[in-house]
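What follows is a pair of complexes built around chain A, which joins chain B in one and chain C in the other.
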Partner chain A sequence: MVRLITHNLLACHVKGCTSNNFPLEFKDVQVVLRESEFNPDFLRGFIPKIEWTALVGAARELGDTSLPDQPPEMLDDDFLKTLHHVLLEIHVEEGIMICPNCKHNYAISNGIPNMLLAEHEIG
Partner chain B sequence: MIPTPDLSHLRPEDYEHVYEPAEDTFILLDALEQDAEQLKSISPRISLEIGLLLANPFIRSGSGCVSSFLGSITGSSAVLYLCTDINPHACKCSIATGRQNKVALEPVNTSLAHPLLARLHNSIDIILFNPPYVPTIYDEASGAQKDRDIEGSWAGGHDGMQVTDKFLPQVADLLSPHGRFYLVAVAQNNIPDIQRRMQENYALESKVVLRRRAGGEHLSVILFTRTK
Partner chain C sequence: MPAFLFVFAQSHSEFRLPELASVAALHGFTITVPPDCDTSRPFTVLNLESEEHARLLASRCILIKHVCEFYAQGGNYDELHAANKTSSHLWSSYVPDTSFKFVVTAYNHKISESRQRNIVESFSYMGFMGKIDMKNPQVLMGCFEEYETALGLREDRDGKFRQVYFGRLVVDGSARALIKMFDVKKRLYYGNTSMESEVSLLMANQALASPSRFVYDPFCGTGSMAYPIAYFGAQVFGSDIDGRQMRGKDGKDQPPGVLRAAKQYGVADRIVDLCTFDVTRNPWRCGNLFDAIVTDPPYGVRAGAKRLGRKKELSDEKKAANIEHQLSARKAQQPYVPPTKPYELSRLAADLVVLARYLLKPDGRLVFFLPTVNEQYEEVDIQSMLCDGMVLVANSLQDFGSWGRRLVTIRKTTHESYPPPTFEEEHDAVGHIPAHKDFREQYFRGFKKESDVQ
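The block that comes next holds the complex of A and B.
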């Protein structure tokens, strides 16, 4: 269940890795699409929390190029449906997320991101 | 009356890794139900359930039960329901429990909220924490939590507050301006002292919203909010 909405919230937290530690880069991913209920109010409320450039980049890494470089000023239903699909319906089931700074690898297995660190990596 | 989430999908082998909901889970569910209108009125967008070192003595927070219940109050598609747990099996159970109850839960296998701190400053509207609260010997607590196995949830530290104390500063950082943080505690945790420290250190106001005696334990749910 690593959906892009969650990926957009995860940063590398290795001790000392505090800049350029987001967004994590996908590698070797297996993706599954699952429909979910469209809720425009949720999306409108969530847009201010999104790091847009990171979302667009992550979607393109997964082969989805439907999002514009900048969020439009008019949040019409067509746009919100596109955003809904990208944020909530693309599930990364297997793969790796790599920190752009320290290159730490975080594995995704059965849809669960393993963000645990070893003792010496904890800040 | 909101029904308790359906956990019939969990098998005996799952309960070797996560605990079956018990009184400390139910008091948290009851506190949420009692606050249902307030929870809806803040139009939450993100919630976070800390499953923590697995669960604890009598609870099994790792099963996704509490977030599923919250989902039945605030709406399955209206909120992003994040659940963290140090135990990967608990994360699997959370996904399954969410599906069983038609709420998409987003488990992250991590300790507390570490990988979310950079992005979710003042952004989480509802935080739920039923920590390992039974007092134990300090060494036993750190050893068990290192094992990341079921013992971890039994080991709350010398006054049952070792894990909770690590998380309280993160709460102060993550909670949104109108956010609500629900914490389960027992009498031995020294609840007035927790409340005083949260006020002095982080300007978080609090009140005990539910109190109950369960067996030999005095359970409480404390609600923390930002000072107006």
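The block that comes next holds the complex of A and C.
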């Protein structure tokens, strides 16, 4: 939990923090790999939503260098399996996600990130 | 198109046809319901393209008990038999040497064994020559008597005979077994607001849950919606303003409660992630993400809805002290719990529709429960919370007497992208005031008018 699919969808949402607020940077992470069922149709549907550079960056940050810099044009099974692994099988269980802009720390505990904002951050 | 007799479970009558329509949509076909169809009755005759469609429906609809090939119906047995004789082309192929069995049952009534025998014998003109096989018959003929609900009668009396139906069993509803499988009492993790399994399964069907779909529950709580949806193959994302609901009390020695229950059902893998945040202050990077949003918002009887903020503004002095406290808590990485304020139900419902329009893909569905005061409910209550590009698909009441909750299904029809909703607090309703406004207060007042209470 906190898989990279989720990381790819979460931006800092502190009031006024609207640029350079994605992707959040990982810090002090504990990573666990868990095999999960391969669902190529789900992946194909999700690919248009991916911020590719952010995904590649996050994967490399966590030590996985299997993704190419650019998404390939052909979505063959080999590629989808690599993507499946990166998006859904790498779990960040503990650690912090930091906003590159406002430096807000979002703590991850037991696999669940706390994305709640403090009172002065909601305005 | 051949006609089929649907025998439904007794409960949740308003959910029957919406569920059929949803499961049909899931499999890419439609069902035409005659305008005079009385949905309150547990027997309905509908035309389907094929037996295959009947099987698809029966394997997924929670409320289907049986589907039969329809032969006849009547207000008495003479009418039934006359009609059955004109349908002989449907059953004549079973006459020569097909093993068979007759079953006679009734709704709202118990038929004595001797009368059951008489009824079976009254069909002897069909002239079935195959052997009677009570265990594994090749065809099963079903005769169903319907009695009126015995309202106002003594409990041991039955209502008036209403109609009798006859047909050949095509398939038993197999999805009803899931109600037991997802029984909340046998779940490893649940809370006092967990949704009963039958209704959560109905919601999963309204949401068209199936493999390759991405479904979101923004008031995830103890995860009741997530399990059946994931069971049907979808990937589920849950969030809640109160992380403790998703985590449970066992600390870090164990996986969060929602994941433990998901594992029990073999679907932990399909719970994509759980996140703590207030949906009105959400971190979604973009919209157009989900195929369905399915949720049971807290409406305040056992747990009221909350959002970030304070009921009353603080003085400047207190505000400054507070910020300092928040910052120091953050630095020490201690869990900091921000203040919350109540989230009024009619506002929450209207916000949810706008949020869904942003987060859903075109054709995606929003499925949620809305409690309402039965006496004051008007159809406009639901219509008035829709917005451009969102249309009502179904609205089914689960009746608890003076109040009830409506399962509302809304479809996103627009392909336009909309900006994320602002959840501003000013847009308060000047116009129509729906019956679900301030539901919690009304509930605790016993649904009396405010002026009557003093």
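By definition in this document, the second predicted complex is superposed on the first by the 122 of 123 C-alpha atoms of A that agree within 3 Å, B and C clash if a C-alpha of one lies under 4 Å from a C-alpha of the other, contacts with A are read in each partner's own complex, and residues count from 1 in each chain.
Just so we're on the same page, a contact is a pair of C-beta atoms (placed from the backbone, for glycine too) under 8 Å apart; a residue touches a chain by one contact, two chains touch by 3 or more.
Quick caveat, the model's predicted, so the values are computed rather than measured.
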item	value
Clash or fit (per the criteria above) of chain B with chain C on chain A	clash
Chain B versus chain C as contact partner of A:V32, first or second or both or neither	neither
Partner chain in contact with A:N110 - chain B first, chain C second, else both or neither	both
First, second, both or neither for A:A118, with chain B first and chain C second	second
Where chain C runs into chain B (options 3-11, 111-119 or 399-407)	399-407
Residues of chain A that lie at the interface with chain B and also at the interface with chain C	1, 3, 5-6, 8-13, 22, 36-37, 39, 41-42, 45-46, 49, 51, 88, 109-117, 119, 122
Sites on chain C touched by chain A in the complex	211-214, 235, 237, 239, 241, 243, 246-247, 251-252, 255-256, 259, 269-270, 272-278, 281-286, 288-289, 308-310, 322-323, 326, 330, 333, 335-336, 338-339
Touching residues (chain side chain A, partner chain B) in the complex	1, 3, 5-6, 8-13, 18, 21-22, 36-39, 41-42, 45-46, 49, 51, 88, 109-117, 119, 122-123
Residues on chain A engaged by chain C in the complex (per definition of touch)	1-3, 5-6, 8-13, 22, 34, 36-37, 39, 41-42, 45-46, 49, 51, 88, 105, 107, 109-120, 122
Touch list for chain B against partner chain A, complex	43, 45-46, 75-80, 82, 86, 88, 91-92, 95, 104-111, 114-120, 123, 146, 148
